[in-house]
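A, B, C, D and E label the chains in the order they appear, each numbered from 1.
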Amino acid sequence: MRYVGGGAVAGTVLLAGCAGSEDGGDDTGGSSDTGSTGGSGGSSSLSEIEIILSSTGADTVDPHQSAGIPASSVTTNSYEGLLTRDPTGEVVPALATDWYRVEPGQYRFELREGVQWHEGGELTAEDVQYSIRRIIDDDVDITSDRQGHVIGIEDVEIVDDYTVDLVSDGLNTAIVTSAASYLGIMVLNKEWVESNDLETVSTEMNGTGPYRLVEFVEEEYAVFEPFEEYWGEPPAFEQVTYTGITESSTRVNQLLAGEVQLIETLPPADVSRVADHADLSVTSRPSSRVIHGVMDVTVEPWDSKEFRQAMNYAVNNEEYIENVMQGFGTVSSQPALPEMFGYNPDLDPYPYDPERAADLVDESGHAGVEIELSFGVGRMLLDTEFVTAVAGYIDDLPNVTCTVNELDLSTFGTLWSTNHDPDQMDFFAVGYGHPSYDASQTFQAIVLSERVGRFGKVESDARDDIQNLVDQAARTEDRDDREALLQDAAVIAQEEAVWLFLHQQESVYGIDDAFDWTPRNDELMTTAGSRPAE
Amino acid sequence: MSNEPAPVPQDSPGRTAPDRGPSAPLLRVDGLQKHYVDDQGLADWLLSNDPGRVRAVDDVSFDLYRGETLGIVGESGCGKSTLARTILGLHEPTAGRVEFTGTDVHEQVATDRKRFARRAQIVFQDPSSCLDPRMTLREIVREPLDIHQVGAKSHRNETVADLVERVGLSTDHLERYASEFSGGQRQRIGIARALALDPELIVLDEPTSALDVSVQAQILTLLADLQAEFDLTYLFISHDLSVVRYLCDRVVVMYLGRVAELGPVDRVFEDPSHPYTRILLESTPGRGARAGDRKAATTDIPSPRNPPSGCRFHTRCPVVVPPETYGAAFERDAWPGILEYSRQVRAGRFDADALATLADRHGVDPEDEVALERAIRDRCSIPQPLTDEIAEDLLGASLAALVSGDTETALAMLEADFASPCAATAPPFVEVGSEHRAACLRACEQDGER
Amino acid sequence: MKDELVFLGRRLAQGVVVVWGVVTTVFLFRVISPTNPAQLMAPDDATPELIQQIEQDLGLTEPVLNQYVYYLSGVLQGDLGFSYMTNTPVLRRIMFALPGTLELAAAALVFAVLASIPLGILSAMYRGSRIDSTSNLVSLGGVSTPNFWLAIMMVLLVSVQLGVLPTSGRPIGLVDALTLLVFQADPNGLTSWVAHMILPTIALGTYFMALLFRLTRNGVLEELGKEYVLAARGKGLPESLLMYRYVLRNSLTPVVTVTGLQLGGLIGGSVVVESVFAWPGLGTLFIRSLNVSDWPMMQGILILVGAGYVLTNITVDFVNAKLNPQVELA
Amino acid sequence: MISDRTRTSLEREIRSNTVATIGVALLLSMLLMAVFAPVLAPHDPTDQDSSRNHQPPLFFGGEESETTRMIDGEIRTVTESNAGTLAHPLGTDSNGRDVLSRTIYGARTSIIVAFSAMAVSLVVGTTVGMVSGYYAGRTDSVLMRFVDIVLAFPALLITLAMIGILGNITVTVPDPLVASGLVSDRPTHAVIPVTITLAISSVVWVWIARVARGEAIAAKNEEYVMAARTMGMSNLGIIRKHVLPNSITPILVLATIQVASIIIIESSLSFLGFSGTTLSWGYDIAAGRDYLATSWWLSTVPGLFIVVTVVGINLLGDLLRDALDPGIQRGGL
Amino acid sequence: MTESIISVRDLTTRFFTDAGQVNAVSGVSFDLYGGEVLAVVGESGSGKSVTGRSLMDLIEPPGAIVDGELWFHSPELAADLTDHPDAVDGDFVDVRAVSPAVRRSLCGTEFGMIFQDPGAAFNPSLTVGEQIAEAVECNARLARGETYGLSNLLRDVLSPASSFVSPESFERAVDLLERVDIPDPAARADEYPHQFSGGMLQRAMIAQALAADPTVLIADEPTTGLDVTIQAGIIELLDELRIDTGASILLITHNLGVVADIADRTAVMYAGEFVEVGPTDRVFDHPANPYTEGLLGSLPTFDDPNAPITPIPGNVPNLLAHEMPPGCSFAPRCPAATDECTATDPELEPVATDSSHRVACIHADIAADAGSSSLADSTLRPIDTPAPERGDVAYE
């Protein structure tokens, strides 16, 4: 049995968070374009593009060994799932042309015929079966990082060469999500994987997608060339390069210098430089990440609901978003995002009311407490700035002292997801994303989960109430009823101040006008559907 | 390093002059050796970069009697400073022993340096280095008193003042730093410090060699006065024969780590038995001596790291003993020429170019080997032919080899056929007069004749 | 010849001891570091059993001495282990990052040497002149300015304000650029390489330039005061020849030594400079590995740099001994 | 400790060298700044007000300039004018904190780290150097090979590795000036970054040890040490009374010069994000990088303070070296 | 032997140090005759070495020759320099007054310098042979009137085939090494200075000084630091060379024994001034200056071990201008000093019994016509007279 580096804890979770596992999700995120469009006379023969990720480059090109967005942005150029989503989140066919439930617990996918592997041969049902087993079964090759993203599938049965059945133990509504998610099932060539060692599988690719890998250095870059025998629309670029650059000014400068065509996470301070550039534009879309403060309710003062509420009243979200973040964010009022199914539009954010906050602190009996707001540097837009601001607001309360504890990602990741010691970290800001766009997942994964959130660590009426509502929603067929249940849960979550509600950040991209690319709701920086601008 | 046993007669109590009082020597040095640290283990080889550098001392023995001044003279590399420091227990000897009033110094030093320190002290050569520049005069002279807790603390300053005045310094300067004194004054301080513990023996390691003559005289007179006043025994190390003659009762002449000659100053300097002592005396400037046969001795000293075999002086010696194989007249007639010849061959004076020049100068055809040989003999003043036939044959062979261009063979033949016993045997130490001994084969001969 | 071999053998043997010490130190770093690699390598929601299993498979449950023996024998066979993060061989990543750092360090060294030595000589020859005082001021600034700040200021001025040079990245390596030039007659690669090199080179090289300037100037001044220079003047040697044969040659010996030995310093300095210029080299790799506690990677880099330093040291010693008749090969 | 002659030569050096005097003055003002930071800083360095953020330094700004903001989900270009004010003579950062006050407090971090790292290094380095140089032989060989091993790594790399081992240790101590009630509204505690102090010391002691060893060897061969031995002084006594006092001047000169290196290393570490405190020059330079195009002063000001401090130390070091010890070599990073 | 080669007048060299002005040489005047050995003897800090270096024009900042004339006997040069009337007096040329280039060529050819520390006077990174050959080559080029420009330098530096030193010069260098009795000269010429012992290197130094066939050899403490046997060899060599080449030797030393062995005349220097000049046997046998007397009395006499030594009290003054005693600088240490001594600084005057013997002491028995022989109005009338032929004189 081989073990596989899952990437840093920090790497996985913070980069993307875990994908939700349910189908659907409203798509309301409006994208906005700005900047000069005068540069349309630029080169129309854009044939080579370089895309800059704001993290390090992909740590591996084996999709089953990684559950992060950056790596997926890279691997989805070569590897495909059974299904996929368009930029707006709509599920569309990929390697499967048709999919339907045969009976409860058995979902059938009819595979596309004649799909060629990059290194020769045709896709068969055996490859699909092997790929899924490689994820869900520890005994097949590796222990995959994606187990949590492929929920409920117990086995795969081959019906014929081009048909597979996914077997689960009940009515599994998440199967389509898993099949369509870039963090879910990706299909690898069974024979190739089995005949190569893990190092090769980690650094080379043999997929079915539009581009094939030419060169790859883990955590640095990946270079692709078109795969001429691709089953779908022929690839539009002669060469596609993905590079990871964590330093934002470097990304901006490279874009400004015309060296790259698309950058992720354009910092607000540099937006105007890009927007003012004749050949560049800025485009953005609300991110799927909820930025919030986690409070460990197992310890004082966080066990006090009043104190938690006080924190929410103390922070002037409007102001810091406006000034510190130059408006690139939206105040959040509840765990779910407006784009999500189950979002409660009737809830207003906690108002900024320092007096009330101070009173609540007094009420909680924790006046004079000293707290420390931790965060891991580098994963959230303007993180240092806004965390500093948030801590500043709390510190301004007459009866609370708050300092910032800036941690590197490794330490933060360890403290967060593997070492739940509240003595070391009981209050921290984090961004958590959900490409599934379903509030139930937010509740399940981050409010109630012991592992990720902290609210679920202690039995309480509120926790049970939310849990019941979420469970009930999962069993409810009717969409509106389900939504109402989740909205009720949101009310409890806000009242209980399960988090320090902060904001929803904006995903801002800088892009070369010669490159026609639309930001996606799921933040994936794929080349699918993009082409040189007309 | 040669280790053939050499008979080393002891300076036994029975031989001491009656005026020396108690018969037991204050200090006895017996077969003392101190070598370079060459034998490193693998670990040392890997870990360290350079071996220690110590001038070697080889098989040195002498006695030092109470109240006398024994001089040790020699040129650089003769090991006289190493000897002094080994005697004081600052270096561990490789072999041999040093006894101070009958007890082994190195055992004593290893167990209780302090006790030995109160009895033997040293005055160093370098006035710029012998005093800690960060200490005042008072602190420097007081230091030994403090270490040994001599007297009550309050009394120590008085002792210091006495000492300082005794060596001719002003007590007004007690709070001055060492660096504020001149070279001569610093030597006075060094002497005061050595005197502080009221020792019996003071080793004077070239105490005046860095001083100007006018100041040197001050120190010398001071030393003489102190010796009389405090009944001191001096071991006086110097390279200056005049100074040794002025101050010392007896003298040890050292050459490349070994004792060449030992005896009362007057006898050694007026009637030297070792050719090295003779050369040394002749070289002393201001005596109106002119170059005689000492020329070979005045160019270079061999490295003490790699001393010559046999008698260490034989490479510079003007009176090297000839091989015994040849007739009686050989030494007088042929030997100087052959010595000169072999020196010149060794120095490369007869390589091809030189031979051409030689031929040119003598107006002979460079191809004419016989004429060339003659020219060489002329140049080295070798008689033609040698009276000893065997010697003549052997020399002729060497010359022939040389003229034919084979310098190496020529030299090898010379070394085999005309090897001096001086190069092979380290001469024993023999009596050449009353309390006067020397290590020279010539001295042995005389000894034997007597 | 024998002397040389003995000298070289001894220095190499000593170098091996130091490198062994380097490897051991680096091994100990990992052992005493608080990181549990199994936790890093395991998936997020790994069970304690799984983590234990991984620990066992990594050999972490073995006695430290055994681990040490495995590590040492691995290093001896050129196996620096696997990265905790990507599970790929450490050497693979280092080999990718190495050219960037070497090119940068070499360029900085060349820049430092070319700029400092002539200036140092001029400064010493015209001591007290305007050129001397200006150079001294520049060198004072050079040794006093942190390279990362200099880098940022250059980016601010040259790139942001003037917009002339690229500010970051290493789009093409020297070898590729030259290949392009030679085989495809395409100078763009080289142009781009040069353009991207300029700012990092200056940022990294300035401190060493200032250092070498001071060394050169002091060396020449010291040499000018030597008695043999006086003596040579006394025998009527032409001034130009005197400057070359007596002053320059001798005063440059320490400069050459320091230049060789500063390679370590250059690599250390490149850690920060690389980070400013998003330069894919050992420095960025090290920082990134440090951020995620990827000890095998850090160990690999440290061993490589340490061994490189030792080797450079020996080479400099040897070359120095060959060039300088005073140094005995013993 | 300093003899009269040393003092006079120092005085003469100071008199004859105006440039150096300026340097010393600069350094002294930095030291004063660090010590009296709570008094001298016009504002609490952590006090923020995002409504006044990105204010330029005094005499800068004022003209209309365009910035981008997102308003109602749209990226818009707005025209703003933001002029420097006397209240914030060196401007404000992205959270509206006073740059001057932060920089003054940053001096504290640098100087605390520099001095404590140097103190640790001096104690360890001098001890090792003295023992190694005085006892020589195998002790020396082993210690010096260990020194070689440390020196084989670039200083910054080994410092970073040490940080990886030590984690982030800080000690918070009450600020005496604030505790005494002299000033209020300033941070009540100062953070001492123990990790980087130790990490830096782990390299610097080696530099000190090498010089100390050389000095010990030189002093050991002086005749006054021999004299002390013949007087029966113990080895430790000799080291304490003779070797150390006579070696300490060049060691201190080197230490002074190396404080400059430490400050540069410290700021490099903070720049890379390993400071342990957010009140440090390197940290602010790094934070300002993202605003280079719009708020140039954020990175520029703290950097200038580093340069001024290091120039001051270097000038002082040159001065000391010229006055006390012409032969000393400068160690590199 | 009777012709003056060099006439030094009022030579004054000072050093301007941080500690103050150092009057290293204060108004020294003397003549050096053809083929003689003039010893300048003094204790450390007496200014004797600076005197030698001043003659060679080797004073570097912060030092400077502030005053004085150095007349050199050179009829050829005097004829060439007719346009510099100030610098010419008969056959003599004032080296201090000619252009630096002329001065340098003069120093390189007519004056040879033997330094005290040959280890420091040889470039450690060039072979001994090369360095001596350079001196030969410089002289040869000067004789040929060649100049050495930048193009020559570039060619010599860049082309391995080109070299400043010609093979002939190198051969001559080997000959010179042989001349100074260095064994195996051809091999030793290819060795570096550190491979030579001190005595050998001093011989090589002498060989280098001989390269230009100098008229004057300035030997600055040539035997200091050498062992007595080696010292004796060097002194012999110098004596031999004087006889062979006819060069005059200015021997600077602190060793009275060496002086007695070789010097024809002796000048005693104290605190930057000549206090006594005269034939060696006169000076040694009948010292006229108390300092000279004290110096001789300080030495233990080898052949009379019972003779007492009488040290001079006190220390040699340092030469800092503001710390110099007033009047006669020896007065504070002088057993015969009177108040008058601290008031006037005595000039060198001939002693009554011997006009070749001059002394600076008001208590000395000065010749009656002294005072009129002041230098002010004299041009180049020799102020010294050569020593009579001397036999072997021992000074005891």
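Keep this in mind: a contact is a pair of C-beta atoms (placed from the backbone, for glycine too) under 8 Å apart; a residue touches a chain by one contact, two chains touch by 3 or more.
Note that the structure is predicted; figures quoted are calculated from it, not measured.
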Among the other chains, which touch chain A and chain D together? C
More contacting C-beta pairs: A-C or C-D? The answer is C-D
Report the chain closest to the protein's overall CA mean, measuring from each chain's own CA mean. C
So which chain is the furthest away from chain B, centre to centre on CA atoms? A
Cα centroid separation, chain A vs chain E, in Å, comes to 91
Averaged over CA atoms, how far is the centre of chain C from the centre of chain E? Could you give it in whole Å? 53
Counting only Cα atoms for the centres, state how far chain D is from chain E in Å. 55
Taking each chain's mean CA coordinate, chain B and chain E are separated, in whole Å, by 33
Give the residues of chain A touching no fewer than two other chains, as numbers and ranges. 247, 249, 408
Among the residues of chain B, pick out those that touch two or more other chains and give their numbers. 47
Any idea which chain D residues touch chain A in the complex? 46-48, 50-51, 53, 66-71, 73-77, 94-96, 167-168, 273-274, 278, 287, 289-295
Give the list of chain C residues in touch with chain E in this complex. 225-228, 230-238, 240-241, 244-246, 249-250, 253, 324-326
Which of the residues in chain A end up touching chain D in this complex? 30, 32, 34-35, 247-249, 267-273, 275-276, 282, 284, 286, 319-320, 322-324, 326-330, 377, 382, 384-385, 388-389, 392, 395, 404, 406-408, 411, 506, 508
Interfacial residue positions of chain C with respect to chain A in the complex: 39-46, 50, 53-54, 57, 83-89, 92-93, 96, 155, 159, 166-169, 171, 275, 277-278, 280, 288, 291-293
Where on chain C is chain D touching in the complex? 14, 17-19, 21-22, 25, 29, 32-35, 140-141, 143-149, 152-153, 155-156, 160, 207, 211, 214, 258, 261-262, 264-265, 267-269, 271-272, 275-276, 286-287, 290, 293, 295, 298, 301-302, 305-307, 309-310
